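Let me give you the structure first, and then I'll get to my questions.
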């Protein structure tokens, strides 16, 4: 079997632990990576760990909704939320919660705002005052990605857009939402890869600095 | 030279006169088509007629902003506007005005609302009550096309989206705006080809029936 | 589990009830959305509800051919058809019937014309007089989408094109039919997303106004 | 300067003379290729020879509408037309005439039918009896390419589709017309590259055998 | 269940019977279409009929290699082959045999040449004299589609290219082979849709005229 | 002429002044927008203002290298740089300097690092200690965009990737660099649209808060 | 069943044995190809042979990690490695090992370097001296493909890039890594198809000459 | 003006001098880069230097056909050719000669074979014995790129494919030729970016080692 080398020196260099992306790895490969990780650290984050594979492994803290797990001992952060994670639709929640879990693992409390897509603009307007308090907002949306632009026009913080693969036809598995974020007529929006809630959380963690 | 056959029987069959799309035609071809058209009708609409070519022809009514002309005798319609044409940005105006001119040529009065893109959401909210009175709204926007979805959530009428080729990079000459219209998380939106203000006006004319 | 918020105030604002798109949702999420919907309304439309999932839910009115269901109490509309729904091939029928069911749910009677693709042009010519009576026609076709253009040249009403993902190779899951609708050499055609029979029906409902 | 080698043995092997594609070649390169060709043959066909370049060369028979020239001595074929070349719109004529000239150069008489696009279906129906007499029809159309399918349903001969780059937006420089030809719900259609009138004529020449 | 209308008048009009494309249809829909077809004809061709579905139906003549069936009574044609069907690789055989079966059903005898891809050029050169006798050659190849160009340079007949979806990565499910056929530096090549052996055979049948 | 409405209330709402994107606007439209802007503010930023157009306008502070101008009275910021702007190649400098000018206009001092592409990895390693001091780095690169990933592995700050349209062939006008940024095997990278130096600077300004 | 013809004369002509690509072939087709191959040679390489199919065949030397098998008798090469095979991530190992096995089958010893992606640049720098000794390096990476450029700047040998389909979203099944290799700002990189470890090994074998 | 830093230490590290890509640079930027280069070396290669720009600079050795120049003092290599450069058509010669000049600049003699595209297969077969003597062949072709596969089946050396942007329609500016090279049914082919003759020569130089 392929040896899996876990990058133990990473936190020192760039201030952040490496996570284990489980997609495309066998349970054996994941288990080996966890073992190696826990030799040099108290815990390790696992992403894109589908329930079927998670059952075969002994993960102390597995979350079915975000497909994330944390192996080892770990405490969630306390205190006021410093980041808002905003999801446009019900189907965007898995990705939004991957971002929330990653932030929590990095010691950064965050608040979730769900089902505030712009087809029902009032829901978003209702919380715009609240959202205006955050320096950074992770926005999660698929289909047309119109929420990114509207949000960016309502708040002074930076909007980290996470396009999702939700939708069909010309949604093109998230490409339309991604392009809408990047081609926005508003400014203040930056984007990560489609469905990459983990990456959005890492970028925000870098902004604030890791707190663990 | 190629003979240009103008379809004189068209209004009887589908209730609408054929227009002459000037793009890709020589001044001679356009002049020949006008001649033929005016043998069977009082006037004819010319679209995508750039100023440089227009100067070489004797068009009684040429409009530089919409690149449209009307040859022959013609009277603009009077009365209350029945359609709203909404443009997101200054650069979208040529296309919006092609729609307005086409509606006017078809005898349908319409109202223009300019520079109401969703990056400045308040401008659009300010006129939403007014827009809610129209049965059909032609919405013209490039870049991310976010205006289509927001508009559709604010009004009960049908939104005919005209994506424009305004923008750069991932705007892809209007493809992103088009896909945003079609993949919208809202409903009640239909779309025409990129920059096709003429086509949007024709579809709306069919809804109301030609009035000439 | 993710909370599913149903938008109860929607009919007041834009004149149309929100439907529940079941694709990508678990039976539990769908059931929760139905419960919430029926607290504020007599019924709710479910779309893209595949038979396997439908069996797990207690839907009073499920239709296998259109993959739609209506939960709650509901009466189909009576009276003369106001819209024609035209399907090119046998394989386009699921999408065509999603449009028909949505229209019915919105209180708008409609007529179905099946298997009238332009490869056998005579079938379409045979019904062209009849189709010419409708103000709006929902046209459903995959592959080359040639029916959209032909239809638009035969009737005075607006043609709402629903490209379908039927076909293989360069059909590209409906992209070719969509582009054919938008790039048509005819006018009077507007388009919705690939396979989006629901969206076409909603646009037409907006034209006529909701009748429930 | 690059030597240009003209393939003099070609007619013997595959029954057809090579032509000189002038696009992307300098007048000097074209002149050299002509010289070489005329050493082994009485004449040679030049394609995509724009008027500006043609003026710099001494071509005995240059045709501005098709951008083709024939150097050397040459006689057009006489007799009944054996192939029909059908063009959908005025803008498609350059490509249609490239096909006609190539057929003539190959000794095959052909008939032109212009401006018979399916937006005005009656024009095409009017000539369908006539077209049904041909074993092969070269059909030239841009935009949605709907003519290919309709034509194929009206006649028993093979339809050689030449998509053109006419159109804008989702026409994608001929890609939509090409895909419509290939994804057609009708059968009996084969396609050549976009704007390739020459290639369509060559394929038809192979069917009949070269007659020079 | 959806009614399936079989086009019985087709042979009279365009000289060829309609076939039943089974892909995307349920066994019930296929059976209904067969019933209707056999009321007006002695037999009917079924394409893309996978073995699993074929087992559920009582098809008198089913061929597992080409996924085709012929319902009703039918006699294969006798006599010298009039068309060559050339397959580049083993994996291209299903499509090649769909073409062969369709030709046979249309009464046209044809010869198969297998595994003559140009990576091993000698195999193709060995049979080039033989192939030069045919007026039309159906060429079936995936991956780079290089065989189309080479073949076209070796024979005087028309080459009907059938690109296949064989390959991976930049083969793009047949798009590269299709584009290679259309962009060929040789002439005399026409193409049909990816994997469309049936369509290639129909085009060739139109060339020769149906013989049944 | 089209009226150009400048959004004077914008700074209050989202903490940042709107800039005037000059691309696609006539000198008259730009001049009108400047006039309107200077009625409510001391200065206004102009982007994508090519030298030829700039000459026709009286801009107090025009910079040829970044194609930016600032109309009105304005003072560059003083103090230590808070952001690093890193350009991979000489050809990326126009975009990098658009970012620098925008930051300066927003009152944020920044430092430029030029010609540090990863083909010559040592140049980047030489400055990695220095770059590690910044909370945010704007990275500008075209072609393969490999610099984004390497940079992100060397520093703890967030990397705002600006892909540029530099390159040819499969660079696809910046698409490859954009995709490389988004698909990076590293984390901590966010992206803006191709060539959008202005947008990257705006996002960073939002992080720090506007300082004017 | 389709006859499978194995090209026995191939080694004489181009110096290399043909392998059997098992993907898309049935176990019977593979077995027939092996039989034919072993009539003219001592052994034959099988690629893309998934474990489930391998179990049904009696392959003397099957390797689960590379999905390769060698039928017949065979000895691995001895001696110093002449080629380095470098894999960016754990998920790239299958493809890397396909290259290693192919080299071994061709008699060329090679060394594997795993998990040296550029997100952790130090790992790659640590082995750069070692890698600089090789005339040819096969580099295997997915996602952003940044390793290709960095590697090429560190070593004097040629870099044969094998992009892999590892990644999601804009990775586009390996297209982004492929384009990054080809659009590299470094030189000395050549590429093969996505996931084509076999092809990279064959190219390198041609460089050195087959040694069996 | 932007400073242009020339990488003087490059030859020591990776065994090859950096060239100056002139495309997209102003004459002033090119002149500055030359000055800097000649401070640390006897000569420097300039690529993509169009004649119009070359005239403004004083390049001792400029070649109009390849758009390359060599500034400083320089001697072409003597001796037997070690590499073959094969061009399919006349229009491919600029790119082929960029490769030849780059090889010469690197001290590697090479031989040119022009106009040997596979549409006229015999030309290529005629020289196949000769080509079989080379360890490496640079193959330059546009359109369908069929030459790459045929060549690879005729010779034992490695084929470095340089797809060119020659062609129209589905040639897609070289993409089809590139994909044909990568998806080839033959093996032993590696590819560089479209039109990148320089890159192909650099890769071959790395194979042989720089000889200057």
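Lettered A, B, C, D, E, F, G and H in written order, each chain numbered from 1.
Going forward, contacts are C-beta pairs under 8 Å (C-beta built on N, C-alpha and C of every residue); 3 or more make two chains touch, one makes a residue touch a chain.
Values in this document were obtained by computation on a predicted structure and should not be read as measured data.
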Q) If you walk touching chains, what's the least steps from subunit D to subunit H? A) 1
Q. B-C versus E-H: which has more C-beta pairs touching?
A. E-H
Q.
Quick check: how many Å separate the C-alpha centres of subunit A and subunit B?
A. 42
Q) Distance-wise, how many Å sit between the C-alpha centres of subunit A and subunit F, to the nearest whole number? A) 26
Q | Averaged-CA centre spacing for the pair subunit F and subunit D, given as whole angstrom | A | 49
Q. Tell me, which residues of subunit D touch at least two other chains?
A. 120, 152-154, 169-171, 175, 178, 182-183, 187, 193, 196
Q) What chain pairs are in touch here? A) A-B, A-C, A-F, A-G, B-C, B-D, B-F, C-D, C-E, D-E, D-H, E-G, E-H, F-G, F-H, G-H
(Q) Give the list of subunit G residues in touch with subunit F in this complex. (A) 88-89, 117-121, 141-146, 148-150, 152-154, 167, 169-172, 175-187
Q. For the complex, which residues does subunit C have touching subunit E?
A. 65, 90-91, 93, 114-115, 120, 122, 166, 168-171
(Q) If we count contacts the way the header does, which residues on subunit D are in touch with subunit H in the complex? (A) 1-5, 7, 9-10, 23-25, 29, 33, 165, 173-175, 178, 193-196
**Q.** subunit H - residues contacting subunit G, complex
**A.** 13-16, 135-136, 152-158, 160, 178, 182-183, 187-193, 196, 198-200, 202-203, 206-207, 209
